[in-house]
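Alright, structures below, take your time with them.
Consider the two complexes below, in which chain A is the common component and chain B and chain C are the respective partners.
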Partner chain A sequence: MVDLQALRQAEHGRRIRNGYMWALFCAVLWGIWYIPGTVVWGLAPFVEMYTEVASTSGDSMALLVTAVLITALNAVTVVLALFVWNGVLGNYGEMVRTAKSFQPCSKWFLFASVFGGPVAILGSFMAMGFVGGAFAAVAALLYPVVGSALANVWHGEKISKRAAMGIIVIIAGGITIFGGGVISELQAGSVGWIGCVGGLMAATGWGIEGAVADKGLDVANADVGLHLRFISELAIWIIIALPLLAIMGYPVFTYAFQVFQPLTILMFIFAGITFGFCYVSWYKSFPLIGVGRGQGIANLYGMFAVISTILFFGDVPQWTVLVGGALCIAGSFIMFSEESLELETLR
Partner chain B sequence: MTQMEAYTAFFGSSHVPAGEYVWMLVVLVIAFLALWQARTWVSKF
Partner chain C sequence: MSNLPRKIRLMEIMQDGNEYWNYEAIKQAMQDYGMQGDFARDTLNMDLIELAAIGFIKEVDLKVDDEGAYKKGFLLHKYVITEDGKARLSDACMYAI
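On to the complex of A and B.
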C-alpha cells in the first residue's frame, strides 16, 4: 500500500533539493558572468568611449556612462538568451498570457525590473565608480538581508534560525573575500557620498526585487516572469536612460552603433547566456525555498567570481579569499543541512 | 592593439590551458545542464 505521507515527504524533499540546485546554478553562472563582464570593458568601442567621456567629465562619470551602455546592451542579449530558454521549455504562449495579465502578475515584474535594473545595477556602478570595486561587491552582498527581512514582513515568509545563520555566515565570507580591497579603497581617498548612496541602492535594489518578484511568482511561471522583467528593464534603458544621457551630451548612441565587432558581440552573447540563465535560476529558486534562502545561496556568486578570475585571468588569491571561501562553504552547508520538514511551509 | 590582442591579454596568466576558449566551453556546458534540468522538470507535467 502506498504511504501517502511518505510520498508527500519525498516530493517535498525533491522540491527543496531543486530549489537549492537552482540557487547554486545562479551563483555559478553569476560568478562566470564576471569573465565576459570584465573583458568587454577592454574591447572596442568601450575603451574609446571611456577615454572620450573621461576627458571631459572625469573618470567616475565615464565609468557610469559606459556602464549604462554596457548594461543596456547586456539586457539585449539576456532577452535573446531567455527567448532560447523559454522556446526550449515551450513557454511562448504562457508569456503572452502573463504579459496580458498586468494587474495580477506582470505589474510585479515591471516593479522588479525597476528595482533590479536602474536602482541596483546603477547603484552598484555608482559605488564602483565613486568608491571602488571591492566596496561595490561588499555592498551588493548585503542584499539577502533586505530581501529576507522584506519577504518576512510583507509575505510572512518564515526564516528559521538555521537559515538566518547560514545567510549571515555566507555574507561574512563574502565580506572577508573583498574586505581587504574595501580597506585599501577607503584609505586611498575621500569616500564620496554618492558612492555610499550607490552601495545602498545595490543592497536594497536586489533585496526589494526578490521580494517583489516573489509576489508575482505566486501566480506566474518563473521562466516567463523573469523574461518579462528583463524586457521591462531593456525598455527602461533604451527608452529612458540612454536618451537621457544623449540629451545630457554623452555620445551613447554613437558608440552603441559601433558594438558590431565580432569579439565584442561574442562577449555580449556569453554575458547574455550567463546573466540570463543565472537570473532565471534565481527566480526559479524563490517559490521552492523562499526568497531569503534563494538569495543567501545565490550570494555564493562572490566566491565563484573570485574562482573564475583566479582560474582564467590568473589572479593570485590572497589569504582573505581562502578564509572567505571557507566561510561561504560553511554557510551553504548550514543551510543545505537544514531538515527539509522545517521548510514544509515557507510562509 | 587589435581586438584579438586586447582579448587574449586578459587570459595571459590563465591557470587553465587555452583559457581564452575553455571558459566559453564551461559556460556552454553549465548553460546546457541548467536548460536540461529545467526541461526535465517541465516534462513531468
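On to the complex of A and C.
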C-alpha cells in the first residue's frame, strides 16, 4: 500500500528545498557579481570619465554619474543574457503574452524595475559616494525586513517566528561583517544627508521590489517576469536617466560609446550573466518559499561578496568577517530547519 | 490559442469551480498554446504548484499515477480554484489584451 501522505510530504519538501536552493544561488551569484562589479570601475573608459566629472563636480557626483552609466550598461548585458535564458526555456511566446497583460502582470514588473533600479541601485551608490561603501552595504542588508513586512501586510504572507529570527540573525551577521567599516566611515567625516537618503533608498528599494514583483508573479512566470523587469529598467536608464545627465552637461554618451574594448566588454558580459541569473534565482524563489524567506537567504550575498573579494582580490579578512559569516550561516540553518508543513501554503 | 499568460490560463480552465486533476488542466493548456513534450508539461505543472502555494487553487484529492496519465509513479493532484484565485482571475481577465 502506497502511503500517499508520505509521498505528498516528500513532494512538498522538494518544493521548499528548491525555493531555498534558488535563494542560495541568488546569494552566491550576487556575491560573485562583485568581482566584475568592482573591476569595471578600474577600466577604461570609466576611470577617465570619473576623473573628468570629478574635476568639475566633485568626487561624490562623479561616483553617481559613473554609477548610472555602469548600471545602464550592466542592464544591457543582463537583458541579453536573459534573452538567451528565456530562448532556451522556450519562453518568448509567454513573454509577449505577459507583457500584453499589463494590468494583472507587467505593470507590477514595471513598478519593480523602478524600485529595484533607480531607487535601490542609485540609493546604494548615493550611500557609497556620500558616506562610504560599508555604510551602503549595511543599509542594503536591511531590505528583507522591508520586503517581508510588506509581503506580510499586503499579501498576507505567513512569516513564522523562526523565519523572522533567521532573517534577523542573517542581518546581524551582515552588519558584523561590515560594521567596523561603518564606524570608521562615520568617524571619518561629515555624513551628508544625501548619503543617508541613499541608504534609506537602498534599504527600502529592494524590499519593496520583492513585494511588488511577487504580486505580478502570482500570475506570471518568474523567468519571464524578471526579463520584463530588466527591459523596463534598461528603458528607464536609457530613455530618462542618461539623457537627463547629458542635458545637465555630463559626458555620459561620449563615454558610453567608448566601452567597446575587450576587457571592459568581457567584464560586462561576466556582470550580465552573474547579475541576470542572481536576479532570476531571486524571483524564482518567491513563489516557492515566499518573499520574506527568499530575501532572507538571498541576503547571504554580503558574506559571499566578502568571500569573492578575499579569493579574487586577495583582501585579508578581519576577524569580524568570521564572526559575521558564522552568524549568517546560523541564520540560514534557523530558516532551513523550519517545519516544511508550515509552508504548505505561503499565505 | 490563448493570449493569456500560462498561470492565468490554468486558472481560467478551472474557473467553472469544478475539480481538475493536474494532467487534465495541463493537457488543455498544452493544446491551447500548441505546446508539446515533457518539458512543457513539467513547466505547466510547476505553474500549478506555484498557484497552489499562494492559495489561488487548492488540492482536494491525490493519487499515484499508475497509468501514466501524467508521469508514471508520480503523485497526481486534483485542484479546485479558490475564492482568492477567482478574484485575481476576474481582475486579470478583465484587463488582459
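Note that the second predicted complex is superposed on the first by the 344 of 347 C-alpha atoms of A that agree within 3 Å, B and C clash if a C-alpha of one lies under 4 Å from a C-alpha of the other, contacts with A are read in each partner's own complex, and residues count from 1 in each chain.
Definition applied: contacts are C-beta pairs under 8 Å (C-beta built on N, C-alpha and C of every residue); 3 or more make two chains touch, one makes a residue touch a chain.
Values in this document were obtained by computation on a predicted structure and should not be read as measured data.
Engineer: Counting only touches as set out at the top, which of chain B and chain C does A:187 meet: first, second, both, neither?
Structural biologist: neither
Engineer: Pick one for A:261: touches chain B only (first), chain C only (second), both, or neither.
Structural biologist: A:261: touches chain B, not chain C.
Engineer: Once the structures are superposed on A, label A:32 by its partner contacts, choosing first (chain B), second (chain C), both or neither.
Structural biologist: A:32 sits against chain B, while chain C stays out of touch.
Engineer: Contacts for A:90 in the overlay, against chain B (first) and chain C (second): which applies, first, second, both or neither?
Structural biologist: both
Engineer: Looking at the overlay, what does A:337 touch: chain B (first), chain C (second), both, or neither?
Structural biologist: Touch status of A:337: no partner.
Engineer: First (chain B), second (chain C), both or neither: which does A:42 touch?
Structural biologist: first
Engineer: Quick check for you: in the superposed arrangement, does A:273 touch first (chain B), second (chain C), both or neither?
Structural biologist: In the superposition, A:273 contacts chain B only.
Engineer: Touching chain B in one complex and chain C in the other: list those residues of chain A.
Structural biologist: 89-90
Engineer: Mind pulling up the chain A residues that touch chain B in the complex?
Structural biologist: The contact residues of chain A facing chain B are 18, 21, 25, 28-29, 32, 35, 38-39, 42-44, 47, 85, 88-90, 223, 261-264, 270, 273-274, 277, 280-281, 284, 308, 310-315.
Engineer: Could you list, by residue number, the parts of chain B that touch chain A in their complex?
Structural biologist: 3-4, 6-7, 9-16, 19, 22-24, 26-28, 30-31, 33-35, 37-39, 41-42
Engineer: Okay, in this complex, where on chain C does chain A touch?
Structural biologist: 2-8, 11, 33, 39-40, 43, 47, 49-50, 52-56, 62-64, 75, 88, 91-92, 94-97
Engineer: Applying the document's contact rule, which stretches of chain A touch chain C when the two form their complex?
Structural biologist: That would be residues 2, 4, 7-8, 11, 15, 89-90, 93-94, 97-98, 100-105, 155, 217-221, 224, 287-288, 345-347 of chain A.
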